[in-house]
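After this come two complexes, each holding chain A, first together with chain B and then together with chain C.
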Partner chain A sequence: MSERRPYVRPMPRDWWARWPFRHYTVRELSGVTIAIYAAVLLSGLVALLQGPAAWDAWRGWLASPASLVLHGALLIAMLWHVRTWFQILPKTMPKLILGGTPVPQRTITLIGTSVAVICSSALVAFVLWRPF
Partner chain B sequence: MTERADKTIELRVLRYNPVTDEKPHHQSFTVPYTSDMSVLQGLQWIKDTIDGSLTYRWSCRMAICGSCGMMINAEPKLACHTLLRDLAPGPVTVEPLNHFPIERDLVVTVDDFVKKIESVTPWLIPKHPKPVSEGPYNQTPAQMAAYENFSACINCMLCYAACPQYGENPKFIGPAAMAILQRYDGDSRDGGSALRIDAVHGEDGVWGCTAVGACSDVCPKAVDPMHAVNQNKMNTALDYFLRFLKKRDTK
Partner chain C sequence: MPHAPEKRSNAPIFWLLFGAGGTLSALFGVGLILVTGFLAPQGIGIGPDALSYENALAFTQNWLGKAAIWAVISLFFWHAAERLYLTLKDMHVFSDLGRRLLTYGVAAVVTVATAGLLLAIGF
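Up next is the complex of A and B:
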């Protein structure tokens, strides 16, 4: 019998920044954009409470180049978040069996993404055209 | 007609001898190969002709026993199910499965994994036990579809080697154990989920999972352990919030 001396390899502290986990890390970080955008909206609400001057200042900041760049970045991150959120949706819900066979995960992702795209487009159209 | 092994590929194998080595090191071997040779056959060629002390686990050579899992070019794979021709021109790095202690060369310690599988009560506990004379427990194809993919697990541990959360916290119950748990919990004939729920709860249970999804990506049997783990997040949440109602039910 030879001696047992199991060797434990250390876990790299930056595993999340390495292949193949980068995709996961970007997906999770894109969720942070929701919190950032919520903070932007909340600051608008606070400005509204403070009075017309603060509200106008906040509106002015919204139109500034820095704000436009931030909103552009938030939009891209949010679109990525929507895409990847629906990619893992079928893994986080109970298994769907229809007519005796499991519904393919790709179908669930496709339906979810389509509903999100349709609802978001409808909301944008409503805000742009204001039918009433 | 037998193909001649006139091409060669370099295998960089992680070696570790617990008696003589302080820590593991890579050793390179130049292996002649034919288009039908797997990484496992490459290792067998090394063991037969160059170094008989090279140590690795294998058995069936056909991706069903789950013995020859190893890191091939940093990806958890079955050595018998990975062809050398797909890795040409090389070099190919062959290392023991990540996140497990190395016993020797490519052999890892499996004790922790086996304990985790045991902890989920991995057998059918009939809802309504009946004698054999009353016939089999019947099931419809739809009821079988609810758990069938989870029953395909071959315990190869690739999912544990892929899971960074298991690497961070070895107490985390991990993907395969949850897939096996769901194989029984999802079975219409089974009534044992109350016995298994303790393995599901808490940070060391399903909540240790952050939905990285690498477990399902590397599974050679399309078991989809990530689905099993995340489905059980719902079950553990319901069990937590409904525990007072449940107590009343049992009185």
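Up next is the complex of A and C:
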């Protein structure tokens, strides 16, 4: 009588920290920093409800070196998110076929990233040259 | 033999929120961080009273401002929730219920709390 002994591919528990999956884990965790930025905004909303004194304290913190460092790190993570998000886009969306030929993934990534640059630039421009 | 009613997955709901938050942040996130993290608090290109209590209150009391704030905060949290949930699952951290509460649970609480704050600030 023979016992069935199928091959089980070894899978270390920290596979997510090893190459090449580390890249994937960094990408996923860069998405988590987006919630940290949202939490900063949320704390401002709480301060606004508490009144002028609390709001000015929040503004004071926002101008502090600690806040600058935090926002610098958040900005780097956000730029990585923009880059990877539009790399994923052509892989998650239905295949786009124009004139009988599929649109290359690189083209879709380029268009998406360009739209993001336009949107963010427009937001900054709108704030700097407020038409109101 | 009659088929048992199919148990449908609730994953598409979370995927939709994840995708909406991911797209919104990819399009406007860099601009938002530049404005609220650097330009406005440091007074670069923007007057020092731009972030005054009166201006912030006026923006938040406007229904369009409310909608923007609610969308940004809640969708950003839903985006991070999905990514953190799947990463914790990969890392085998916590039970599945614990992971769901820590990620989707927090995002749901933040969504409701932000709406409550915006209503409390009034119109």
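Here, the second predicted complex is superposed on the first by the 125 of 132 C-alpha atoms of A that agree within 3 Å, B and C clash if a C-alpha of one lies under 4 Å from a C-alpha of the other, contacts with A are read in each partner's own complex, and residues count from 1 in each chain.
By our rule, contacts are C-beta pairs under 8 Å (C-beta built on N, C-alpha and C of every residue); 3 or more make two chains touch, one makes a residue touch a chain.
Quantities reported herein were computed from a predicted structural model and do not represent experimental measurements.
For the composite obtained by superposing both complexes on chain A, the positions of chain B and chain C are free of clash and fit together. Taking chain A as the reference, the larger set of touched residues comes from C, when chain B and chain C are compared. Draw one line from the C-alpha centre of chain A to that of chain B and another to that of chain C; the angle between them is 120°, to the nearest 10. When the shared chain is aligned, chain C comes close enough to touch A:S67, but chain B does not. Contacts of A:L49 after superposition: chain C is touched, whereas chain B is not reached.
Contacts of A:R5 after superposition on the shared chain: chain B is touched, whereas chain C is not. In the superposition on chain A, contact of A:K91 is made with chain B only, not with chain C. In the superposed model, A:I111 lies in contact with neither chain B nor chain C. Contacts of A:M78 after superposition: chain C is touched, whereas chain B is not reached. In the overlay built on the shared chain, the residue A:V127 is in contact with chain C alone; chain B does not reach it.
In the superposition on chain A, A:T101 makes contact with chain B only, not with chain C.
By the document's definition of touching, of the two partners only chain C reaches A:I34; chain B does not.
With chain A used as the common frame, the shortest Cα distance separating chain B from chain C works out to 5 Å.
Residues common to the contacts of chain A with chain B and with chain C across the two structures: 15-16, 28.
Every residue of chain B that touches chain A in the complex is listed here, in rising order: 16, 18-19, 23-24, 75, 98-99, 101-104, 109, 140-142, 145-146, 149, 164, 167-168, 186, 210-214, 216-217, 224, 226-227, 230-231, 233-234.
Within the complex, the chain A residues that touch chain C are 13, 15-16, 25, 28-29, 31-35, 37-38, 40-42, 44-46, 48-49, 52, 55-56, 59, 62-63, 67-68, 70-71, 74-75, 78-79, 81-82, 85-86, 112, 115-116, 119-124, 127-128.
Residues of chain C that touch chain A in their complex: 21-23, 25-42, 45-46, 51, 53, 56-57, 60, 69, 72-74, 76-77, 79-84, 86-87, 90-92, 107, 110, 113-114, 117-118, 120-121. For chain A in complex with chain B, the residues that touch the partner chain are 2-9, 11, 15-16, 20-21, 24, 28, 88, 90-95, 97, 99-102.
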